[in-house]
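Just below sit the structures, each encoded as structure tokens.
Both of the next two complexes hold chain A, though its partner changes from chain B to chain C.
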Partner chain A sequence: MLLRVLALARIMFLDGLRRHALLGIVSLAIAAEAFGLLFMDFFGRDIGRASSDYLFSVMWMAGLLFLFFHAVQVISWDEERGAIYALLSRPISRSEYVLGVFVGLSALLIALLLLLGPVAYLTLLWIKKSLASVYFPELSMSHFLLAWAGVLAMQIVILAIIMLFSGLVRGGFPVLLLSASYYAICSGLPVVRASTAQHDGQGLNLLLQLMTALFPDFSRLDFKDEVLTASLSLDTAIIFTNFSVAILYACVMVSLACWFYARRDLQ
Partner chain B sequence: MVVSYNQVQKTYPKQLGEQAKTALKGISFHLAQGETLGLIGPNGAGKSTTIRLLLDFIRPDQGKILLFGEPPGNPAQRRRIGYLPEVPSFPPNLTCMDVMRFAGDSCHMDRSAMHVSAEKWLTRLGLWEARNRLLRGFSKGMKQRASFAMALLHDPELLILDEPMSGLDPIGRAEIVDLIRELKAEGKSVLFCSHLLNDVERLVDRVLVLHEGMALFHGSIDGLVTVSGQGMEDAFLSLVKGRA
Partner chain C sequence: MKSALWLASVMTAYACVFLLQESSATHEKYELSPTLPVQMQQATLGYFQQLGAEMLHIKSAVFLGGTPSGIDHESYVDNLADHFDAAATLHPKLLDTYYLAESSLSWINSDSVRRANHVLGKGIEARPDQWVLSFFAGFNSFYYLKEHDAAAEHLQRAAAVEGAPRWVGHLASVIAGRGGDIYGGLIWLRAMLADEEDPEVREFYENDIRMFENALTVQQALEQYEQRHGALPSNLDQLVPEFVPAIPDVGPDFILAYEDQSLRMMRP
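Our next item is the complex of A and B:
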């Protein structure tokens, strides 16, 4: 099974790697990260934090562009163009197909972040070296890696959700709409929870808490504030738990995607 | 028996703005080892549905389909099948060799055997020189031949060919007809559908005439011609018009 999934993942990776639009996203993101060297000049204080936030936002946005403009369409393209028939006429099950697409797209996402991560770190390092330490006191490489892994984990979770919607509905546009709505709910839910926590509606609070199981709170994996600190402000057990929950959540979503897709007619 | 259909019925469910459509109405036929069966019929007759059911792309509502003696849901059975889709399509940014490697890996072929087989079929189909070009630059005929090479790579026992001659020029068509004849002589079972009745007449042992999801005739070409007392094309037209 692993061989077949990897064979499919390989062609998904190669197909994405040679897509001009994705090369455009990568070029744009690298240019935007390099712009960070000029961007810091707009700030009189907290230059380190502003630059770090900016560079992580560029990585996040590049990942989202990849997810919402490429990943949401991969399965529907295969269906609309008929490539799915060539692929599934091989001894590959529908579940292996979904897994192969997920692994291939995850590899592309990792490649994208592997390219942008070092550029972002070197940019931060350059900025730090060009400033007096009072403006940019600390830059931790291990914390940078933790924040980078957090961005990757959040985007893998979104990719898993995209796979689920691709398994449930036909067409790239409905998958895009559902995925964007899901992301909006995930981003908005913690704000709603924070505002209702001050009131007495216990039932509502419980409902919102249950909803978090479906729409996870991505801020739990947002460690970019740690990049500029010498020691972690969070317990490592909590960090480990947050990553484990994200991985488990992604596994459940991809398993559901496989289950639904295996039961669908390919019309 | 390689393929067996018994009273198979398939209805496509109602979609937004469309009615439910019954594509197959109780079709029965079989294909024996080493035999060539041609599926013919006008557009919308149910030929592609018949093939898609066999590959488990869609599932029947009623009836029983057996492929190598088992229902077609098991992907491992497809190691014994080579399929040429009606519209050859691949992810566009791959090369011919990427597709061959995928086809070989999916069947657990070892690399050297895959390379030997890929070279054999790509050379035979005139694509060896273009093996490292991206498929998005291929013409329809080239894609058709690449798809054929992919179908033959793992030396399958059963070939399922959906309009194998579409998109090919007369020379390409003649080459494919020769190739199917060779494969038939090697003892492969072939199930193919085509609109080109001359090609069907030259290649098949038996023919299944479909019209509006029903089987109008199932038997030898001689039998079809004898029934109407005319040539194959006339026999086909009189069968279909007789039902219209």
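Our next item is the complex of A and C:
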């Protein structure tokens, strides 16, 4: 089974590499990261922090563009072009197909972030060397990797949700709308929780907590602020838990996507 | 030929309308547009929250850099304060927000200086390693708001931060005395002295401590007077000679002031 999934993932990966839109995203993101050298000129004091925030935002934006303009369409493209029938006529199940697409797109996402991550780190290193230490006191490579892994984990979760919606509905545009709505709820829910935590009843708080299980709080994987610190401000156990929640959540969503897609009418 | 003529006509029409638009745009009122409610920004920005705060900072800096001379500063102060407040909420660790808020907001009016201190409060909470933020808040309380007790409190917090210059603590004690807290000022000065190794600075502190101790005898006399008469005296002369043999000298670095039934150590 693993070999079949990997073979399909390889097709998805190569198909993605051939798409000009993806090359465009990569070019745009690298150009935007290079712009970080100019962005720092807008700040007079906390230059390192502003530059780091900007570069991670570029990585996040590039990942979102990939997810919302490529990943949401992959399964619908196969369905519209009839490629799905060619694939399923082979000894490959529908669940393996969904898993193969997920693994292939995850590999593309990792490749994208692997390309942008070192560019961002080198840009930060360049900025740090060009400034007095008071403006950029610390740059930790391990914390940079942690923040990078946080971006990847969040985007893998969104990809898993895209797989689920792709298994539930037909067409790239409905999947895009559902995924964008999901992301909006995930971003907004922590704000609602923070505002109701002080003065509303336990019932509502419990409901919002349950909703967070469905719409995870991405800010728990946002470690941008740690990049410029010498020692982590968060407990490593909390960090480990946050990553574990994200990975298990993605596993649940992909499993559900496989389950739904195996039972869906393809006509 | 016809199509070339048509294209030239359309392009000429566009150029005319564009120039008309540009000429009217140059007469637009110079103002800072309001920012969205911060909760809405938090909900919509997600991972871009920090970048959103930095954009608000840039927008504010660009606006302040281009303010025409003679502009009514009160016309934009509320929007500017909202920008800093939102930026500090979205990204409380970014120092630039606080530097810009302090330099642009604190001096306009009493409401704006309070808003500057409110913004600085977020920075003090998020960046406890930055003594300068508490110093800014202390300066605002002392210089603009004339709230000496609050100023002393901010400066004491600034002095407690690792790496803060030693003079901040001294300033806190002097301002505490000025605000009527002779006891607080004296305790702070003694703590500074105990921690000081430089003989010249020690002598400086010892002199201040002597003056504060002199003032403390008057403060204690005031308390005894109040216990006996049920009210504070209208002037310090009423304490002599029953409660204190003479009003002690605290000069030349200080003046002992008795205003609004409060004893203060003022700089001459």
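By our rule, the second predicted complex is superposed on the first by the 267 of 267 C-alpha atoms of A that agree within 3 Å, B and C clash if a C-alpha of one lies under 4 Å from a C-alpha of the other, contacts with A are read in each partner's own complex, and residues count from 1 in each chain.
In this text, contacts are C-beta pairs under 8 Å (C-beta built on N, C-alpha and C of every residue); 3 or more make two chains touch, one makes a residue touch a chain.
All figures in this text were calculated on a predicted structure; none of them were measured in a lab.
The superposed arrangement places chain B and chain C next to each other on chain A without a clash. Of the two partner chains, neither chain B nor chain C is touched by A:142. In the superposition on chain A, A:209 makes contact with neither chain B nor chain C.
Within the superposed three-chain model, A:27 lies out of touch with both chain B and chain C [touch as defined at top]. Of the two partner chains, chain C is the only one that A:53 touches; chain B does not reach it.
Applying the stated contact rule after C-alpha superposition, one finds that A:218 touches chain C and leaves chain B untouched. Shared-chain residue A:244: touches no atom of chain B or chain C. Here the vertex is the CA centre of chain A, and the angle it makes with the centres of chain B and chain C is 160 degrees, a multiple of 10.
Residue contacts after overlaying the shared chain place A:130 against neither chain B nor chain C. With chain A used as the common frame, chain B approaches chain C to a shortest CA-CA distance of 32 Å.
No residue of chain A lies at the contact with chain B in one complex and also at the contact with chain C in the other.
Within the complex formed with chain A, the residues of chain B that make contact are 12, 52, 55, 57-59, 75-79, 81, 83, 85-94, 98-99, 101-103, 105-108, 134, 147, 150-151.
Of all the residues in chain C, the ones that touch chain A in their complex are 39, 42-48, 50-51, 54, 57-58, 61, 91, 93-96, 99. On the chain A side of its complex with chain C, the touching residues are 42-46, 49-50, 53-54, 56-57, 60-61, 151, 154, 183-184, 186-188, 190-192, 195, 218-219, 222, 224-225. Chain contact summary for the complex, chain A toward chain B: residues 3-4, 6-8, 10-12, 14-19, 77-78, 81-83, 85-93, 96, 265-267.
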